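Here subunit A shows up in two complexes: once beside subunit B, once beside subunit C.
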Partner chain A sequence: MKIVVTIKQILDPAGFTVNRRRERVFVNREEYIINPADLNALEMAACAKDGRQGVEVIALGLGPARVDDALREAIARGADRAIHLSDPALADLKTDAAGAARLIAAAVQKIGGVRLVLCGAVALDSGAGELPGRLAEALGWPMLAQVHSIDQIGEGQVRVSRRTERVESDLPALLTVPHDANQPRHMLGVRVVQAYRQKSVAAWGLSDLGFTPNDLEPLTSVAGRRFPPERTPGTRLEGSIEEAVQSLVAQLRAKELI
Partner chain B sequence: MDFAFPKEQQLLRKAFREFAEQEIAPRIDAIEHSKNGPPADLMQKAAEYGVFGVPFPQEYGGMGAGEAGYCILIEELNRISPSFATVVGAHIGIGAMSIYLDGTEEQKQKYLVPMARGEKIGAFALTEPGAGSDAAATRTRAVREGDSYILDGTKHYITNGSICDVSVVLALTDPALGQRGGMTAFIVESEWEGFKVSKLEDKMGIRGSPTCEIVLDGLRVPQENVLGSVGLGFVTFMKTLDVGRTTIGAASLGGAQYMLDLAVEWAVTREAFGGPIAQKQSIQWMVADMATEIEALRSLVYRTAWLIDTGQPFSREAAMCKLFGSEVCARVTDKALQIFGALGYSRHMPLERAFRDARISEIFEGTNEIQRIVIAANIFQEHGVRIHP
Partner chain C sequence: MEDFEYLQALLGGEELPEVTTAFRDIWVLTDGAPEGLKVVDRARNLAETLGARVQVVLIRGEETADLIAAGADRVHLAAGYPESGADLAGDTEAALNALAPFLEEAAPEFILCADDWLGQELAPRLAQRLGAGLATRCLELTINENDRTLVAVRPVYQGDYYEVVNFAPHWPQMATLITAPLSQPYLDPHREGETEVLKPGLSAASRVRVLGETVLPETPLSLSRAAIVVTGGAALGVAGFEKLADLARRLGGAMAGAREAFELGWVEKDQLVDVTGHKVAPRLYMAFGVAGDVMHTAAIKEAKFVVAVHPDPGAPILAQADLGIVGDPCEVIDQLIAAL
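The block that comes next holds the complex of A and B.
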């Protein structure tokens, strides 16, 4: 059984500061990480593989040359192999989640025999969470969102747990995995060495997938940037524990939260 | 000339840092207060992770990351816990390393493979009450008896001595010849009768790494456990120490970098006289000096690792790594403590421990005075002058 995990490389938030007043982002250190929820998706795939024969986990990433780093890291964290969707034409091309989804869907079809696609539920940078839905649509597969664990998986069906319910679906299917679904395992040093010395990351361009830049015409465009309002610090409850608890209860009652 | 870390090593650093921050950092108190080395479950996790075999080839159960990969490991471990780094360093860098360097294929299969996998923990027994820096004054005797040797003597200040399964031991096989042909290295198992841990040291720093005295009392060692050649044990031990010294430089680098990171973070947060103390020239100069020394040390350590990995002579540079590294770490830690002020002096902060931990690096694996002799001897040798310690 082949399981594809989509990997998005994002700018490491530890490397930049946001100045709300000037509405600017200052990149102090340009470093990249794998989108955290994608690591949870990868962990879920690795768990599906644990103790089972014939499961292959394939990491799939889209983007410039540096995405190779993220894909090697995905191998070090449990993927068996990786495919990098990369094309010089993409460098100047403005596309959106719909275009990216069509391209990734074509790659999934080209791999062949994929029964499950796992995506991080939301990317930490945009926070849009749009790609998984678009991808499921492009593939024509059912999508199960916010999956916390795979309970059972066979050739034809999968049973998963969400926060409050168990859901079954036919395969192939696409699952989205939230950041709190699991604790990703450590990246093993020996796998890091293998990822660079013994594994190769396949590079597929637009023509390999039968695409031309025109096929990636975006449906949407970014009209501007927005800086979410600054979070105000919480209220500090003063006095003895009893007084603080009474005050807390009173405030929760006043807000009709209890 | 390419000074960039290869991608593989960059990702290895990330992996090692993740392990140190997620697995070791939460256990610092348990490590520091243990008399028997790091907690067993942590050692088990480190073994599963492959920590104990980083430099050794994969065919011997290692990670195959070479000396450079090993320096990265020790750097990252020493950032978080010099105690843990010392346990790992003594195991890999001198214990297992001596077997890797001079062991026969059978010895490597029997000892190096389980050591690299972390199934067996190693130690390196050189120092004696009367023979520290002056290793040539070794008194431990090995007397041939049939196809075995009987070892008698006392080794002390042995890192991992009380938790090791395997130790290499230097002993006199021919007192008349001494260090020139009269000393032999042996691979010894701690389970064997006659291997006794007699005293645990109560140390100033690296308190979580067990250091002890070992008494060898009629310990019978089979002939096949001679490491290297009979009479050439001193060479085996000195060769191993050369590699070990490089990693003390790496450990110091990790410790110093961590101190700088903490100091910088504090300097931009702490406000005095109407702004962050980072705006004060007194702080800026300290930070600039710290960063400059650290950068020089990084170049020295990884150039030496490159010499080792490419099979070139490295003895002089290794001694420089140890000498310069330990002194840089001490100076940088001292400055970081000064930047933190009274807060740095508090036991609740990692600086107090780092200050105590850093001090040992100027002493162990050959004092810095010995390193200066090694470096000078190496320089004068090129001019035909032999230096006698």
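The block that comes next holds the complex of A and C.
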């Protein structure tokens, strides 16, 4: 059985600072990491492989040349092989989630025999959570969102636990995995070395998937940045404890912190 | 000519171009939750700019009065569909199969919903079926006056900064809204609107079945990954830590202790927030009875929002916090738990 895990490479938030007063993002170190929730998806796939014969985990990434590193890291973390969807024509074309979903769906079809696709529920950078749903539709598969664990994989069905319910779905299916579903395992140094020395990452271009750049005209595009108001020096909440707590809760809710 | 345009802008008389496509009106999807009213209110504002109507698809229940009072011109009831009586609000796939053909035929210009299960599970799939562009978790929606396209502002990197999303001139256009910062809408009891029973075209069996309820065992969140960290210090007292643990559970965050609390044996080493323990970077950091020496504040400098409670008004942490309360931390925790 083949399981595909989608891997998104994002700019490491530890490497940049946001200056709200000057309305700029200063990138101190341009380093990239695998989207954290994708690591949870990868861990879930690796767990499904543990103690079972004939399960193959395939990491699938879309993007420029640097994504190769993310895919090799995915191999070091338990994927059996990786496929990199990359094309010079895509470098200029800023595709959106709709286009990315169609490309990834085409790649999943081309791999053939895939029973499960696992995606991180939300990407840390965009915070959108748009791709998994679009991908499920592009594949024509059912989707189970926010899956915490896979309980059982049968011939035609998968049983999973979400936060409050147990759910069954026909296979093939797409699962999204939140960042608190599990604790991704540590990477062994030797596996990293193997991932670079012994493994190869297959590269598929647009024409391999039957697309031309014109097919992927984006429906939405990022036009610029805006900055929240600068952090004000701290305020003390006055009044009785009761009033102060009411005001605290209201402010935290308004800022979506709780 | 320029003068004329300037004058027109001053008078606010700038007219939007007329609709030239078959796509009409702003549609709101809601399951009857209060968030839906806020979205209807936003849709009403946009509708005034656009000269469009607000149409609502109510997926659960038949409470249309508030929706109309908040600004809906027409409410389509999906309750009772399919005839088997299945609850569309509980089954994304059934809702999708029911709504997608209906909306395709209705050809909305814009579709909005709240960032709840509708926004997170249904909206991306609906967008793909309708061939629509989508901006999720928006804070602000406006209309580009040149071509009647949506312009959305949405947070990225958990609100570090915002991005502006433009839509290509291709309809329908979809957006989901973060409703928490939106104010409660004004409900006009005299507003009039129509109600209609939705007749979707097809019913497809869902490929997803709920087997039963489950409550997952809680795994302690590691400090470095927690979005919310609540920390206790010496001034909280050992009895306060039980309350603190309860608060952490309710907030879905992790409990930690400052160095004094660790030295007194109130927390474990892996719960220590200090330069000598863990550095943390949560979205929300709450310190109860932590004085806040340099070793502590250095360990929390990446925290996005800091709340501090301390009985001593001169405690250094109060000067560093975004919000501070001078008072007994135990009492504040009790009140907080009651208020959540």
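By definition in this document, the second predicted complex is superposed on the first by the 223 of 258 C-alpha atoms of A that agree within 3 Å, B and C clash if a C-alpha of one lies under 4 Å from a C-alpha of the other, contacts with A are read in each partner's own complex, and residues count from 1 in each chain.
By our rule, contacts are C-beta pairs under 8 Å (C-beta built on N, C-alpha and C of every residue); 3 or more make two chains touch, one makes a residue touch a chain.
Quick caveat: nothing in here was measured; it's all calculated off a predicted structure.
Novice: Give one of first, second, both or neither to describe whether A:245 is in contact with subunit B, with subunit C, with both, or with none.
Specialist: In the superposition, A:245 touches subunit C alone.
Novice: On the A-aligned overlay, A:237 touches which partner chain: subunit B = first, subunit C = second, or both, or neither?
Specialist: It touches subunit C, and subunit B stays clear.
Novice: For A:163, is the partner it touches subunit B (first), subunit C (second), both, or none of the two (neither)?
Specialist: Once the two structures are laid over each other on A, A:163 reaches subunit C alone.
Novice: Is A:197 in contact with subunit B, with subunit C, with both, or with neither (first, second, both, neither)?
Specialist: It touches subunit B, and subunit C stays clear.
Novice: Counting only touches as set out at the top, which of subunit B and subunit C does A:189 meet: first, second, both, neither?
Specialist: First partner only, subunit B.
Novice: After the superposition on A, what does A:223 contact: first (subunit B), second (subunit C), both or neither?
Specialist: second
Novice: Mind telling me which of the two, subunit B or subunit C, contacts the most residues of subunit A?
Specialist: C
Novice: After superposition on the shared chain, which partner residues are touched by A:155: those of subunit B (first), subunit C (second), both, or neither?
Specialist: Once the two structures are laid over each other on A, A:155 reaches no partner at all.
Novice: Could you give the residue numbers on subunit A that contact subunit B in one complex and subunit C in the other?
Specialist: Correct list for subunit A: none, the interfaces share no residue.
Novice: Going by the contact rule at the top, pick out the subunit A residues touching subunit B in the complex.
Specialist: Touch residues, subunit A against subunit B: 69, 72-73, 76, 186-190, 192-193, 195-197.
Novice: Enumerate the contact residues on subunit A facing subunit C in the complex.
Specialist: Going by the criterion above, the answer is residues 13, 18, 20, 25, 36, 96-98, 101, 124-134, 136-138, 142-145, 148-149, 159, 161-170, 173, 179-180, 183, 217-228, 231-232, 234-237, 241-242, 244-246, 248-249, 251-258.
Novice: Note which residues of subunit B are touching subunit A in the complex, please.
Specialist: My answer: residues 6-8, 10-12, 14-16, 18-19, 22-23, 49-51, 54, 58, 63-65, 69, 73.
Novice: Which stretch or stretches of subunit C touch subunit A in the complex?
Specialist: By the definition above, subunit C touches subunit A via 92-93, 120-125, 127-129, 131-137, 151, 153-168, 170, 178, 180-181, 206-216, 219, 221-222, 225, 228, 251, 283-284, 305-307, 318-328, 331-332, 335-336, 339-340.
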